[in-house]
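Multiple structures are listed underneath, in structure tokens.
Two complexes follow with chain A in common, the first pairing it with chain B and the second with chain C.
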Partner chain A sequence: MKFSIRRSVFIKELNNVQRAISSKTTIPILTGLKLVASDEGLTLTGSNADISIETVISASDEDNGLAIASTGAIVLPARFFSEIIKRLPEDTFELNVTEGFQTEITSGSAAFNVNGLDANNYPHLPEIDTTDAIKLDGAVFKELISQTVIAVSNQESRPILTGVHFELDADQFLAVATDSHRLSQRKVNLPTGSSTKHNVIIPGKSLIELSRMIGDEYDQVEMRLSENQALFILGETSFYTRLLEGTYPDTSRLIPSEAETTVEFEAPALLASIERASLLSHESRNNVIKLIIKPTEQTVTIFGNSPDVGKVEEDLKPNAVTGSELEISFNPDYMKDALHSFGQSTIKISFTSALRPFTLVPTEDQENFIQLITPVRTF
Partner chain B sequence: MDESQRNIIHVDMDAFYASIEMRDHPEYRHQPLVIARDPRTSGGRGVVATANYLARAAGIHSAMSAQEALERCKEAVFKQPDFTKYRAVSQQIHDIFHEVTDKIESVALDEAYLDITENKLDLDNPIEVGLFLQQKIWQETRLTSSIGISYNKFLAKEASDYRKPVGMTIIKEEDAHDFLMKLPIEKYRGVGKKTVPKMHELKVFTGADLYQLSENQLMHDFGKFGYMLYRRVRGIDDRPVEYLRERKSIGKERTYGQSLADETSVANQINFLSDLVSDTVQKQQKHGRTLVLKIRYQDFTTLTKRYTSKDFLPNDPKVFAQYANQLLEEMPDIERGVRLLGITITGLAPLDFDNISLPLFEIKGKDL
Partner chain C sequence: MNKKELYDSFIALTKATQANLEQLQLLQSEISQVIEQNAELEIENEHLRDLLNQSKGSAKEPQLSKSRQNLEKLYEEGFHVCKEWYGKRREDDEACAFCMEVIYREG
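After this line comes the complex of A and B, so read on.
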């Protein structure tokens, strides 16, 4: 196996594939990067058993400067190899596998010799045996991920809660995540007939990596769902993730349909106030802040305190307040995460009682995005 | 002796959780009542938190599995514990304590030591203080308590245990020796299932037998505990009522005579310890941020590793076991043989708030 390539092109793809490679893995060969040179181009593969990423650099695209002298495959220690490539002196480099998986990397006057591993020992990528390819808008999908993934649980005791539940129907895509103290749900309408019925749970960690890869670069993402794997195709790159096993709890029944008290805020203004109040609540061992809502006076007041540091009280500036008077306590960090996900929009918060979950929706579009937060009971 | 100058009261609520439930549900009064999840609906899981005296007569006691309790008494009523309520009542009782003294050491929701040597009631006679407490607790909560009075904590606790329910026992210094001599060995604090047979082997059945053993022999056979027993049987206990003490950690550890050498037995013990710790954390109504795993190898090297969470860890044995197992992975080879395992939750705070959980996995029809 021998090829030469433009270094910047290679590094860009290497960075993507490396998202899947972990230095801590129980399968030693997975600390490596797999390279396959064929007549069509160069394939880079990385995997941590949960996520696998494969990308192809085409030999026919002149911009890649890829010249395959001989085909073949090798696995190279990923971290070390990438450090080398990033520090090579010239714009191009050449890679040549010689006897016993010895790999020469040369660029200008620099020459490295690295011990490689037999690519035949590298695990096979999962097979996705479905032709049902769901086309998603890259920016919308990225937004959906960022809005839901904040609510996944980081506790492995309930593994399915560490994932986001994707439910697809002919023309609707519903994503839900909850860690049992908060819940986030996003709906996206698909062009009719885009999908058949699907019901899967995708690990939150996988979605975070995927979202980073989508970046601003890919306008379209193709999603293929099988029994226990999902495949996302971004241009020449394939992103595989294992699915979480189990049945996701029925969350639709948890979202209250009625409200006793509602308030409307500009999300960024409320966020700033919550952040101020949490300065003190974070110093307290309870991390709780309290809202007092008085519709008759059209006021909402926020309280935070720390026995050691002091307290804070701030009169907020709601756009509207309706319903009954309410005093409610909650964890400000959940509120902050939720508010971040609303960006610049105006939001409506609906409460039923001090001990019931409350919801946040954008005032503009109350149908497709909802965040739910459970309050804190204080004794 | 300085000790004779102290007056210590030990207040022990009679079958506390069960009594509260009987007070609030009169229909339970004449039935054997067990505070535990009903094993018939919980799939046999759950542990008895307490039982009323009728259920105790059927051989049911706390820490027994709910399943076993059901087997012992088919007609027993099972009531799931409501710690929020018990905490509120305990607070009421503590308010009464504070009318007497601020030197209060709470052992659990239903049990406390009070140092009444000086008290706010200005009563010299400790029996009057005891009566005041017993009556006031009854008037305000309609619950009965048993009271032990003596000149140190050990004897005060033995005294409250002497006659229950609604008992009041005073052990004066001049009576202490007789009392302790007659006391069966299993009544000595800390002499449990493991120690009793050892004691019997040494022909020790009562305090009087224990009294015959030398300090050296007791320390030889029972170590630190022997040193303590030697003093206890002589009525000596100079531990103060630790009213300033706030519990910083709750931990459980076990030493294994036969070292654990494979992952399965270590995992089993981690689950077991997690259950124990979680039980105590719940009884103490606390929660903590940090979990510490302690491991001692066959060669006596001891390692600890800790995990600290940003938020309080939910009091769930599964969560504790999960983090303990994570920490275990960072410990070097357990094949060397593990002779001790311990799990501790620290960074404790009173559970004075509770982040409400969504009923994600609850049985249908049951709401928040």
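After this line comes the complex of A and C, so read on.
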């Protein structure tokens, strides 16, 4: 195996593949990067058993400056290899597997010899039958991930809640995540529907890595689902992730259908107020802030009290207040996460009672995006 | 201190420790009895209050049914009552949306 390539192209792809490679793995060969040179191009593979990323650098694209002298495969220690490549002196480098798995990397006058591993021992990537490909808009999908992944649980004691639940029915795409304290749900209408129904749970961590890769670069993401794996295709790159096994709890019944009190706010203004009030609540043991809503006077007041430090009170500026009077307490951190996901929009908060969860929706589009937060009892 | 005294004081100490232990065990059983009795009385008290309210025919707001109240009580004591995690301890007394749905759902 012998090839030369433009360094900048290689580093870019290497950075993507390296997201999947972890130095802490129980399978030693997975700390390595797999390189396969074929007549079509160079394939880079990285995996940590949960996520696998594979990307192809095409030999026919002149910009890549890829010249394959002889084909073959090798696994190289990812951490050293990437550090070496990033520090090479010239714009291009040459890689040559000599005797056994000895690998020679040369660029200008610098020459490295690295011990590689047999690529035949590298685990195979999952096989996904590719009949039903779902096309997603890159920007929308990235937004969907960022809006739902905030509500994913980080407690390994309830593994099923560490994932985002995806439900696909024809052109309806629904994503839900909850850690049982709050919930986030986003619906998207797909331009082209799926022929079969899908119901999968994708680990939140995988989705975070995936959304980092989508960047601004890929405007199309293709999703393929199988029994226990999901595959996302971004241009020349394939992203595989394991799915979580089990049944996701029914979340549709958690969302209240009626409201006793509703309030409308500019999301950024409310966020700023919540952040101010949470300065003190973070000091107190139970981390709670209180809202007092008085529709008759059109006022909403926020209270934070931390016996050791002091207290805070702020009159908010709601756009509208309707319904009955209410006093409700909640964890400000959940509110902050939720408000961040609304960006600059105007939001409507609907309360049923001081004991029941309340919901936040953008006033523009009340159907497709909803955040739910459970209150805290304070008596 | 000669050897005999040393041994004697060991024996004395052992006896004293044993006596302490016995006393501790006695107190422990006493206190658990008191706690049990307290719980029983609390329940009794609640029943009596319920009866009292009924006989007064007090016009309270529509309340949760008896079984829902039991669930609510369990929830407040720090246990999940939802289908997903029934009987498990709620970590740090964090609210659970699934439990709330079970307790306060309509119909």
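The definition used in the following text is that the second predicted complex is superposed on the first by the 374 of 379 C-alpha atoms of A that agree within 3 Å, B and C clash if a C-alpha of one lies under 4 Å from a C-alpha of the other, contacts with A are read in each partner's own complex, and residues count from 1 in each chain.
In the analysis below, a residue touches a chain if its C-beta (ideal position, glycine included) is under 8 Å from a C-beta of that chain, and two chains touch if they have at least 3 such contacts.
Treat the numbers as computed from the prediction; the structure is a model and nothing was measured.
After superposition onto chain A, partners chain B and chain C are found to clash with each other. Judged by the touch definition given at the top, the superposed model places A:K317 against neither chain B nor chain C. Of the two partner chains placed by the overlay, neither chain B nor chain C lies in contact with A:K86. A simple residue count on chain A separates chain B from chain C, and the partner touching more is B. Once chain A of one complex is fitted onto chain A of the other, the partner contacts of A:N287 are limited to chain B, with no touch recorded for chain C. Contacts of A:K12 after superposition: neither chain B nor chain C is touched.
In the superposition on chain A, A:S329 contacts chain B only, with no contact to chain C.
Once the two complexes are overlaid on chain A, the chain A residues touched by chain B in the first and by chain C in the second are 155, 157-158, 178, 180-181, 183, 249, 254, 355-357, 372, 374-377.
For chain B in complex with chain A, the touching residues are 84, 87-88, 311, 314, 316, 318-319, 322, 349, 351-361, 368. Against chain A, the residues of chain C that register as touching in their complex are 76, 82-85, 91, 94-98, 100-101, 104-105.
Those residues of chain A that touch chain C in the shared complex are 155, 157-158, 178, 180-183, 249, 253-254, 353, 355-357, 372, 374-377. Of all the residues in chain A, the ones that touch chain B in their complex are 155-158, 161, 178, 180-181, 183, 249, 251, 254, 285-288, 329, 331, 333, 355-357, 372, 374-379.
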